[in-house]
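Pasting a structure here, questions to come.
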Amino acid sequence: MNAIILTAVWGVVMMLGGAFIKSKTTPRYLAIGGLAVILIANCMQLNSGLSFFLVDVKGMLQFSSFNLTFINVAFGCTLLFFLLNGRDIEKVGENVSEYFALLFFILCGIAIISTFNSLLMLFIGIEIVSIPLYILTGSDKRNLKSNEAALKYFLMGAFSTGIMLLGIAFLYGGSATGSFFITNIISGNGPMPAMIAAGLVLLLVSMSFKVSAAPFHFWTPDVYDGAPTVFTSFMATVVKSAAFFAFVRLFENTFGNMHQQWQTLVVILIAATLLIGNLTAVFQQSVKRMLAYSSIAQAGFMLFSLFALSNLAKEGLVLYTAAYSLASIGIFAILIKMKDYTIDGFNGLAKQQPLLAITASVFLLSLTGIPLTAGFQSKFYMLMAAVQNGNHFWLVIFAVLCAAISAYYYFRIIQAMFFKENTEDTLLADDITPAFKILLVITSVLIIALGLFPNLLTSWLYF
Amino acid sequence: MSNVFQLVWLIPLLPLLGFLINGLGRKQLSKTMAGIIGSGTVFLSFLISVAVFYSVTNGNTYVAHYFDFINITALKIGFDFQIDQLSSIFLLIITGVGFLIHVYSTAYMHDEEPKDFAKYFSFLNLFIFSMLLLVMGANYVIMFIGWEGVGLCSYLLIGYWFKNTNYNIAAKKAFIMNRIGDLGFLLAVFWLITKLGTADYQEVFANVSKLSVTDITGISLLLFVGAMGKSAQIPLYTWLPDAMAGPTPVSALIHAATMVTAGIYMIARSNILYTMAPVTQGVVAIVGLSTAILAATIALKQNDIKKVLAYSTVSQLGYMFLALGVGAYTGAVFHVMTHAFFKALLFLGAGSVIHAMSGEQDIRNMGGLKKYMRVTHITFLLACLAIAGMPPFSGFFSKDEILAAAFERSPLLWGVGVAGAIMTAFYMFRLYAMTFLGKFRGAHEQEHHVHESPKAITIPLIILAILSVIGGWIGIPEIFMHGGHRLEAFLAPVFAQSNALTVKHPLSHSTEYMLMGISVGAALVALIYAWSKFSKYQKTDVEETGLGKVLANKWYVDELYDAIIVKPVQSIAGYLSNIFEKKGIDGFVNGVGKAVNYSSRQIRLLQTGQVGTYVLMMVLGILIFFIIQLFL
Amino acid sequence: MEIKWYIGLAVALFCTGIVGVLTRRNSIIIFMCIELMLNAVNLLLVAFSKMHAASALVQSNPNVVSDAQIFVFFIMVVAAAEVSVGLAIIVMLYRNTHSVDVNFLNRLKN
Amino acid sequence: MDPKNIWITFPELLIWFPLIAGLLALVIRKEKTVKTWAILSSLITLMISVASLYYADNGKYFYYNNVSYFWLKNLGSNFTLGLDGMGHLLTALTAVSFPVIFIATFKTNYKNANVFYGLMLLTQSGLMGVFSAMDLLVFYFFWELAVIPVYFLCSRWGGERRIQATFKFFVYTFAGSLLMLAGIIYVYMHTVPAAFADHSFAINAIYSADLSLAEKNWIFWLFFIAFAIKMPVFPFHTWQPDTYEQAPTATTMVLSGIMVKMGVFAVIRWIIPIFPDAVLKFDNIIIGLSVFGMIYASLIAIKQDDLKRFVAYSSIAHIGLMCAAIFTKTEIGLQGVMIQMFSHGINIIGMWIVVDLIEKQTGTRKISELGGIAQKAPVLTIFLVVIALANIALPLTNAFVGEFMMFSGLFKFNMVYTAFALISIILSAVYTLNMVQKVFYGEANTITVKMQEISLNQKLILTLLLVFIFLFGVYPQPLLDLTKDTVTVIITKVTSIK
Amino acid sequence: MSLTEILFWGLSVMALFSAIMVVASKSPVHSILYLIVVFFAISGHYILLNAQFLAIVNIIVYAGAIMVLFLFVVMLMNLNAESEPKKRRVLQFAGLISGGCLFLVLISAISETEQASNMVQMGGGDYGLIKNLGLVLFNNYVIPFEISSVLFLSAMIGAVVIGKKESS
């Protein structure tokens, strides 16, 4: 509860701050400080179940240590994101504190969808996440790309909302007791009534849309490409992770005991997502767009948690979200500093900015899933969960082959940075502050630490 | 006497030391020093060998175990030496003849640079070492070590003048053909190991009864393949003539006296296997005989003095295999010995001639040398008589024994053998006559500096000449002298097992006399004819025609091999490396990459950038999911 | 009245909305079609609520029905919020390009 | 003192010391210093390994050679290291090779030498890990980690086509090891849960995994393909010639001398004990493949004009024999493989050193352009000839023992294969002698005329290699004793199910 | 055929027809007007189902506020029939087909099940009255109610951020 309320409140604070604070940098510090406090508060709730607000949530929200840990991960990543990219947020437009306010509202939504227990909360939460995102996507108003992205995102997002609502309606209609609580929509594990099935498919589709799983991923590349890069970074990491978390929680609690009856759909989703994501990423010239596709590819791997729906899978999901978010935030942070977003723009970066190059390669290796990085551990968990599940082992094989393809495009950047010379020696990246470098190093250290000892994170999930 | 056996390990070690000293110190050592070290070490081991020889006369066998070469539960191969009558004889031949040739070389190679001189001697010593290893080893693995070692040395020595590409090619050919033979040898050894779990002579021969007939036949045949390679039998004989590229002493030592007889040693060593495999015996006999004939025919038309000798070597080796094939192991060894004497002598003589003619090898440009080089001439003549099988020279006894044994098996073998003997007599005396008789046909400046060779060359010649005269008297057949065949008595323990298995039905004296008479008489006729024909030979530049041409071109065997083996292999290799590897396998691997790229370029077109199409896709997706979920 | 008729009607409206989204290029119309879809859902929810009201288990859980109607209420709330943002975006777009055609801007693709 | 509480064990030392040394090397700026440091540290590693060989007897000194700490406990994977006979052998090879490589390439200068040597040392640490891992997951970790530095080494300091070639190598091996990962997980999921823990990656648990025949038969391939790519076995070999050709020679030595052994090692350590039935089922296919690969590679080697490619293909042929010998599952064959792993490492590194010397001096690797070096550099020639002859397994050189035993193992398995395999022995003689003749004999030409005799330290190194070659050629017994136990264990795994 | 049924069918036909007109009619203004008609029809249905509160809210919020907003925007841009370029026939056709298929699939899947024949309680039951809804809303649904304020806040900020003219 702490997280939800505090973020909402802090969002309001930021909003009002926008009205009174003229300085451009203050909102940043305000936001960072606030988020830190919120993080601590959430930790307190996680540790000792201590909540500042005694609210009877009527079972609509559920604050298990599992959910709270995920909120920690999401907020932690966001904090890192603020620290790394605060200055760049200021560059986007002039109403900085509004952006921060929106970001806080999104965090509030994230807190909701990672603790929801009723379809209503899910719906509201997702809307709270989406609507500010539409705005942030379009926040670079002069830039037509940004406009286009915003429009596309908005229209398709609204459309998917419609789909989701129809699904919810069918679930409500189909459920014997007529309830919106995810846990008692279905009782027993008999064959699925048609209405429930219809609702399931529609929900699956709309959630797949949110986590950009093929064939419902089409908005992703365009929106990620068009949105201001800072916000792309946020969207592609924290928001997507949260969506995944909601996705898995929803399906586990609602349809968990009919798992076998809808696994096929997930298999199709995974196969399509992995294939399209990886294959399309190969040819991209713009790193930003390539990362967009790679995020689709990574989603394919995360979907394994939906495929397996075991404790291992859920641990894996949290680990994966952490690993993926850390690495992507890092690589985006570096990308933002680059002058030229094409892969050739990275040529010879190792000469000019060795530290950037090294950390960047750590992030990329983690995304590829090389051992010693968190990326490997998370993929490893996912595959383990999938194998443990027992069906469709071929899917695992397929997944690892796709991972091999992913090495292909991630390493293109590494090659550019280390083994290619930049022909005209212009400055490749600018305003690299020492603090920024330190943060990058910290991030990579985190990644490697998680790669060595995933228990650091997973051990928080249950107790 | 046993203390002698304690010294056995010195026999191979001394030449090895010589090799090391000469090899490492070749920059520092003077020629004389190198020569002394080279010959001295061999001489010492010769002395020890003599002692050893006398201590095995009483028929005992000595096996020395030094350390485990390979020792695992499945297989134990010790680094062991076995000294018995057979090996001691070979020890004598190798070290004795080897020593003479070392001495000879000191003079023959005198024009070499000091360091090359030392190198030469180190190689010679290395060869002696490997050869000794070959004959002393107490199991097939040690034998194989020596076996490949001598192959290596012959490679190094043939290619001694490494600047000349043809020599290198000849050396390579020798090595590779030997390798082909070794393949057979190895397979045989593996077979033994697989069936008996050991490669020790004594254990193998003791348990030979455990082997099935197929096993024995297979093993013995494969061993024989090895012998083909080393001892230059059909089809692997073509390297030997080319090997004449090496310095003449090398040809004398390796390609006449010792290495090429390794095959005979090996078969004699494993005689029991052959006695128990009649099929193999047949094969051996036939291969041997046909080699003898083929080589002889080729030798008829050769004009290079060393080539003639080389082919005669091949054909003599053929005789030895004939002997082995018909079970006359003693005869084979006997012939090895005598052949070692007179063939070494012939080569050394030829070397002396070449030396005198300052490198000229074509006998058409020689003639009338007898008045210039007395010693060489006499010794050479003696050797020719010996190889032609004229009594009482050594060759007569050994060859006669072989022919007799062949007759026992079948008169046909004998007949062909005699034909070979006749040709031998003919081409040897053609050679002799064209070289020493008639008048000098060489250039003038050559004539001026034709001279008798120095002592270091002539003395070995004389010693060998004596040996090739009297060498045969240790094997006088029964009919001349009772118990005259001392060699047979001496070797009896080695062949005891086989003799026990073979039923002897000795020829009546009359037949034996008749056979001898025929062969000797025929040979004599050929001899005289050749003498008279070629003593007044005139250089003519008429092209050889018909059969002559074929013979002069060695039945075109090299061309044949080139066409059916070398060329195909080369073209296959070319195809594989240029087409199959690049286009095929690597093409596939890169093709995967290309495919990924291509499909990437295609799939990304789905991303049309139009909301309409995106939503359409989504709706289609929904449709598919519905159908799957609700109706399947 | 059997529920299937309501389902039929709602789904029909919903699909009409979808068809609209698929076939039109004017972003405002598309947006309106989406609103149509939402309303179809609202109708369906209310119908379902009354269906559950008819079934016996209402007694066990009295506010099954009102749950759905409140859900509808929230949908309307959200829809209102969405509309404000959506129209804002469309207007912004119009300001920059003087067009409301969804395919007019096609910089982002492949 | 009680051996139980010794504070560090040999495998740890062997892994951590190179790692730390490498990290230190990264920060040293001066080139000379970093070179000396690299040599020094590798020598220390060598000493450590020698010491470990002294304590090799696991019966007596178990606690010196085995260690395990908790790692991913909840996954049942502990950080378990251990050195058995095979481990000792290969760590020793690694420890010997690196100083040799460093000293031999002392003359070559690299830009940012510190990074170069740092990465080299990291590679060493990774290799040590691979050879001493007693936990499947740990093994996989090191298996990947050993490759990453090599990737950077090759693509940073390699030849002009380095990036593509190395990348091909990387993706190829990466794909392979990912397949293996899938297999690993599958096996792990079928390990019998221990009393308290869940499934486990510990070597014994993995060995006794409860897999049905059908499962074994196809999981086997997931592992085998990964290792086959690394070895490489025909037809997975095409990355190798390109990589060897493009990589900097020092790295090529590591690749060919040690890395390929990873594949062979892994097959022996993991495949045979885990999938004995599958091994029995597929041995014919694989041995056939390997034997064909031997002949194939030898034939191609005949046609190679580039010395590096030439060596690469000859190495493929040798590896083919090792692979075949492993799958004969005979004691003698496996012992042969053990010796050959060591010998091949020594010999091929020697080959590379000579090739490198020639390239450095003449600036070309084209066999057709060289010739007559024997006049200019007789000593070099002698070394090359000896190494080349060792490479074609001439008796009394180390390779002979190995190949002899492997062949007789193969013969035990099947005579026909042996006959074919032996053909490649002939071919190897053909191509080696061709090379020797074309490069070293004949008249010196304009390119080779400026060849000079090799320097002292190179002489020393090559002499050292020669010592190894002849020592283990004449008296291989120590190696055999070292690996005897390992082989027996492996063999029993197979024979027990027959 | 009872009165409610007649009303039901009438309203349904009206709703469907005008919905189709929304999609089909050229000029945006017409579409908006048709949409308003749809909303009215749906409100009618709500009343039939005795959900008065929703009926009213629907009229006020949708037909009143939202549609007016739409109308306002359309007027502002003075879009007319000609301003919209034709979409490619193929796409339109495909859209039509797939939409129809979706309809058929859903209906055919659901209408057969026994659930589908459950009766709907027309009229009766006072769940839909403001009083009850209000009670439930402020007891059980206070959390979402509060939280939706966040939604509105963000929507508001969004409108501001996007609508505000950038200085410079």
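Letters are used for the chains, namely A, B, C, D and E, taken in the order the chains are written, and counting of residues starts over at 1 for each.
As a working rule, a contact is a pair of C-beta atoms (placed from the backbone, for glycine too) under 8 Å apart; a residue touches a chain by one contact, two chains touch by 3 or more.
Small disclaimer: the values here were computed from a predicted structure and weren't measured.
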item: Chains touching both chain D and chain E; value: A, B
item: Centrality ranking, top chain (CA atoms only); value: D
item: Distance-maximising chain from chain D - centres being C-alpha averages; value: E
item: From chain C, the most remote chain by mean C-alpha position; value: B
item: Highest-count interface - the chain pair sharing the most C-beta contacts; value: C-E
item: Where chain B and chain C are represented by their mean Cα positions, the distance between them in whole Å; value: 98
item: Chain B-chain E separation of Cα centroids, rounded to whole Å; value: 103
item: Centroid distance [mean C-alpha coordinates] between chain D and chain A, Å; value: 43
item: Geometric centre distance via CA averages, chain E-chain A, whole Å; value: 32
item: Per-residue overlap in chain B, given as positions that touch at least 2 other chains; value: 593, 604, 607, 609, 611-613, 615-616, 619-620, 622, 626, 630
item: Residues of chain C whose C-beta touches two or more other chains; value: 3, 7, 17-18, 21-22, 25, 30-31, 49, 51, 55, 65, 67, 70, 74, 78, 81-82, 85, 89-90, 92, 102-103, 106-109
item: Residue numbers of chain D (touch at least two other chains); value: 171
item: Every chain pair meeting the contact rule; value: A-B, A-C, A-D, A-E, B-C, B-D, B-E, C-E
item: Residues of chain B that touch chain C when the two form their complex; value: 604-605, 607-612, 615-616, 619
item: Residue numbers on chain C that touch chain E, as the complex places them; value: 1-9, 11-13, 15-26, 28-29, 31-33, 35-36, 39, 42-43, 46-47, 49-51, 53-55, 63, 65-67, 69-70, 72-74, 76-85, 87-92, 94, 100-101, 103
item: Touch list for chain D against partner chain B, complex; value: 168, 171-172, 235, 237-239, 296, 299-300, 302-304, 330-332, 335, 372, 374-375, 389, 394-396, 400-401, 404-405, 407-408, 411-412, 415, 418-419, 422-423, 425-426, 429-430, 433-434, 437, 440-443, 474-477, 480, 484, 488
item: Chain D-facing residues of chain B, complex; value: 67-75, 79, 141, 144-145, 147-149, 152, 155, 159, 162-163, 165, 168-169, 172, 175-176, 179-180, 182-183, 186-187, 189-191, 193-194, 569-570, 572-574, 576-578, 581, 585-586, 589-590, 593
item: Chain C contact footprint on chain A (complex, rising order); value: 119-120, 123-124, 127, 131, 134-135, 138, 141-142, 144-145, 147-152, 154-155, 158-159, 161-162, 165-166, 168-170, 172-173, 176-180, 221-222, 225-226
